[in-house]
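Submitted below is the structure of interest, expressed as structure tokens.
Per-chain numbering from 1; labels A, B, C and D assigned in written order.
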Amino acid sequence: MIRVGIFGATGYAGLELVRILWRHPVVEIAFATSTSQAGGRLSDIHPQAPDFPLIAPDQAPLDAIDCALLCLPHAASAEQAIRALDAGRRVIDLSADFRLRDPAVYRRWYAHEHPAPELLDEAVYGLTEQARDRLPGARLVANPGCYATSILLPLLPLVSAGALRGPIIADSKSGVSGAGRTPQAHTHFVEVYENFSAYNVGRSHRHLPEMEQALAGWGGAGAPSLIFSPHLLPVRRGILSTLYAGLAPGWSPGRARERLAAAWADEPFLRLLPEGRLPSLMHVVRSNGCVLGMAEAGPDQLILVSVLDNLVKGAAGQAVQNLNAMFGLDETIGLERPELSA
Amino acid sequence: MIRVGIFGATGYAGLELVRILWRHPVVEIAFATSTSQAGGRLSDIHPQAPDFPLIAPDQAPLDAIDCALLCLPHAASAEQAIRALDAGRRVIDLSADFRLRDPAVYRRWYAHEHPAPELLDEAVYGLTEQARDRLPGARLVANPGCYATSILLPLLPLVSAGALRGPIIADSKSGVSGAGRTPQAHTHFVEVYENFSAYNVGRSHRHLPEMEQALAGWGGAGAPSLIFSPHLLPVRRGILSTLYAGLAPGWSPGRARERLAAAWADEPFLRLLPEGRLPSLMHVVRSNGCVLGMAEAGPDQLILVSVLDNLVKGAAGQAVQNLNAMFGLDETIGLERPELSA
Amino acid sequence: MIRVGIFGATGYAGLELVRILWRHPVVEIAFATSTSQAGGRLSDIHPQAPDFPLIAPDQAPLDAIDCALLCLPHAASAEQAIRALDAGRRVIDLSADFRLRDPAVYRRWYAHEHPAPELLDEAVYGLTEQARDRLPGARLVANPGCYATSILLPLLPLVSAGALRGPIIADSKSGVSGAGRTPQAHTHFVEVYENFSAYNVGRSHRHLPEMEQALAGWGGAGAPSLIFSPHLLPVRRGILSTLYAGLAPGWSPGRARERLAAAWADEPFLRLLPEGRLPSLMHVVRSNGCVLGMAEAGPDQLILVSVLDNLVKGAAGQAVQNLNAMFGLDETIGLERPELSA
Amino acid sequence: MIRVGIFGATGYAGLELVRILWRHPVVEIAFATSTSQAGGRLSDIHPQAPDFPLIAPDQAPLDAIDCALLCLPHAASAEQAIRALDAGRRVIDLSADFRLRDPAVYRRWYAHEHPAPELLDEAVYGLTEQARDRLPGARLVANPGCYATSILLPLLPLVSAGALRGPIIADSKSGVSGAGRTPQAHTHFVEVYENFSAYNVGRSHRHLPEMEQALAGWGGAGAPSLIFSPHLLPVRRGILSTLYAGLAPGWSPGRARERLAAAWADEPFLRLLPEGRLPSLMHVVRSNGCVLGMAEAGPDQLILVSVLDNLVKGAAGQAVQNLNAMFGLDETIGLERPELSA
């Protein structure tokens, strides 16, 4: 058995981790922490959660685990990562703390110094389909953001092949669980229901640099730039990203489809829909899948529509997929594919 | 023009008062207060609200108004009521502070002494259809609660006539705006959407004594008792109350229908649907109507289904209806009937 | 392996049966039928369904199965039940065709003669917790309705013990999937969203006689009568029933709670919440659980709030629980409990 | 009084026309037609509609009206338009029948010959803010589509000034009422709720040619091309369109903002939000407003976010605005601005 500790188990990503790992045949949850609810039980937080005790993060017995799973706010996450690494444990961090390579970029977007810049080089950016070769040896994995996963997965094979011209436009729509469990005016039921809004459009969302860094890594000097516009959907779960990109010289929509189809052919959680079909959130909710539809808008203009569950493939599911890979297990253990059939 | 001041304009009832009074041809909003947002503007709170300045309640110019409309938490409301009355103004209080006659009952349910017990006798319980004779002379009107209005309006003609045996069961379902605008765990979108729950069932909700007091007033010694079970609906607005009552000896469903039809025949905002039809929230949302369906469940068992908009007939709309009556205007001015036709 | 055929696989109950049985370790789906979509594939109907062929019901190979699961409209269901029984197969019917013992009652509510009155005596009413002794030998099981299950499960221990006085009032609220997958005006998104309505209140819903028959069977001559008011909730799944009942002489709320607690203590899918807590749909959605809260409204007045998922415990899940029992398996195989913990 | 007849009053656009015109001080509804519900009353269709009789379209007394308002399917609309024009009445057509100038384009998108090609030259494309000079003399007005209005209103001042480079990308999200009142699988509550999907992306939606024609008219030879991707939002009303466009040489985001601000300064229904603010559906629902936010995504890349109510400014409201203009009235009569203040 692989023993894990979940830090920040009462947030939506933490609860989803518990939901998935509770049935995982090879992973055991050794403890779950909560700063605000320490001393309580997880079933007090969510009626379908197991009756599991919550402990304060500082009392977490690090020697009882093989890996720490961090679902904490940024900065708080880095702090626990350092503690766990110092204790010889491996770490998967679901916060943004170790996603950016450059501490200056981190400072610009998060307005404080990075708490552990010396770890940035070592951290593996855990977009599983791209990172799996480095996961078995990784001590520290930075789990990608939910928006980033929905945008990067379809772009990976195309940008790596130099197929796209920028700017790529990513028009993304996310369910409300992406905004976290802390009650706020903009997550009040009355403000969200029967409403829809855009926010932080263009180049102002904190998850933009994570995506730009990935595209630059895959596309080199000619990597396309990115425009990213998130929107708040009146649903609980799911992200749908509509991507618009020009094709580079020599590329046609058909060739791009072939490239994507080849790259995704053996991926257990990625599905490219046949021509003429587009996905909806219903394709993926509660699964670890990412489903993609592709359309053209002229001979050199591509439209990609990707969907995933922000709490699963966009957070806890991808973390478990990474965990599986880190510990030499089949990546798919404990996770649901985007359809019932294999 | 009648000049009013709205205390607590940034809550849902306060915003609805502004929405209604903004178009009222005879009423002018002299000021709107907010403790937390003083110095800001109402359009910052809600994008369709007018661009109206918000002032601190203590700086409200009471000499500029004829009537104060209080949308404040209990206790805070009584405090402003005293100030306004002392300044010679009339008051409509939308809180629970002046609904109960007996300060001991108030203490039991609100766990503190009533701030102004000497005013309780004078306060008129403003269920307009029942109180209208006393409104022109009233200095202080206690606007009924939303649940109470949905339950009392259909019961008024029947209990007054001695038609019902208790216990009357009121199974009520309310939209989320009834829970207020302050973000809380139980109003978080993710917790409410695709969910439904019961709370404070039986005899434990604070609005129960207000209803019992009214029933006792109408039915005297033989007034039926009440069981009240509120539920939280995943919608923004509207209350549907399903009422179950036995018929007293000598009463048939048909006679009860006749009694109700007669009582409501000339009421501008009350509608009794024909036999075989039941109302939905869509009958009333954004109007000041209360629409009622009646069915039988045997020769001596009645079912009444009433709907109203909790923010309009259940709060701001009824307050304006009371305001109209207090100042000698046609009750219907500025208010929408439950259907477009007159 | 137990081989089953699913008749009517493209409705919501049929799809849920596929979802559950697809992962059932001992049951194999031999075929799935659809009248309107024969020749198509299940994945065309629902994006997360397996890619399974749909055949016409008349071409279903009855010799390939051990048990037929019928998710068909009434009358059509009886017809296929006869065919399957004639071919020597066992049958679980999710329609209403075999729930009523008395063909005259069937005729009154369904306005046509029962297609197979000779089978009514043999059919076992499959409220699993009550019927499990007779399931291993049953050829034909009538799966209870979703409303009925939510109402009868909490009443079973109490009515059997003579604890309740009538009339019992069942105020039930159901998600829209209970209305079926055929598009209709009253299931159009625009008509349901931000709306809520009552329908067929009192004694006019078709599922009333099924419940009266059960109560009469358990309570004998003194069985309490039932008033049943269904409502349409703007959610996809889930039923919450609020039950109001008087206590019989000699019964207190505490004694009733003890009785229920004892009866449910060893039930894998039934949960009685501790005093002071009430359930929400979130307790049970997608599980086979029924969760109950109990409150009092005076010394002799009980309130019970039960929740279940209408497609699982109210339909497909209970059918699988019955299937497990019929074939000598552990009842819980392939089904989820109302919480993650065991 | 201006007397109008509403053809197709039971669809969502027709009902909205009734809602608006019922309170219009200068317009009188002479009749309302319905093919399927002739003989019934409008209040049977929607509980808040007036109790107005529905007649068959062929029995509509054209001599009783000054203007026919057509809310019919394409082709059926053209047929009634011809009848009304032949009878000497003016016509506002809310269908797509008279929006396209070129009958060959109509044939390509609608797969049949245009029923009245001789009228296409005469028809005025009724984007009120652009067409108002020609409306007083118009016999036949083609009311723009809802998506088109949300996209064209912000583009009009910019494309007319040559400020934009193509392709312009319009990523639009619409509430379900845009799909019509006929129950269909894709408007079933269970399929839409907690879901979100893209459809007809790129260059395949029928409302694309209407927009291209308008852009070509304003921008001439250098008019930017358009990519249009509609999505289905799980809400009842409202369209939010996110537009991405490159700036032409010599244009900066600031200059573009000035241009838009100048063009919209005196428009009663159009609002440009200050820098840093973006609109949500809540800004406009039930009003005739179109509210716009503007952001930049680099020195030569513009993002525009527009919102309107698809049934009001996107259909019935704009029709009334056109009606007002056609008959020499103030355009704003009977219509709500996007905020309560004037």
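What we mean here is this: contacts are C-beta pairs under 8 Å (C-beta built on N, C-alpha and C of every residue); 3 or more make two chains touch, one makes a residue touch a chain.
Computed from a predicted model, the values in this text were never measured in an experiment.
**Q** By label order, what chains touch chain C and chain D together?
**A** A, B
**Q** Using each chain's Cα centroid, which is most distant from the centroid of chain A?
**A** Of all chains, B has its centre farthest from that of chain A.
**Q** Suppose each chain is reduced to the average of its Cα coordinates; what separation in Å results between chain A and chain C?
**A** Between these chains, centre-to-centre, one finds 38 Å.
**Q** Could you say which residues in chain D touch two or more other chains, in rising order?
**A** If we look for residues of chain D contacting two or more partner chains, we find 191, 193-194, 234-236, 279-280, 282.
**Q** Touching chain A in the complex: which residues of chain D?
**A** Residues of chain D touching chain A: 167, 169, 171, 173, 191, 194-199, 201-204, 225, 227, 229, 231, 233-238, 240, 242, 244, 278-282, 285, 293, 295-298, 301, 303, 305.
**Q** In the complex formed with chain D, which residues of chain B make contact?
**A** 18-19, 22-23, 43, 46-52, 193-194, 279-280, 282-285, 287, 291, 338-341
**Q** Please give the residue numbers of chain C that touch chain D in the complex, ascending.
**A** 12, 176-177, 181, 183-185, 187-194, 234-236
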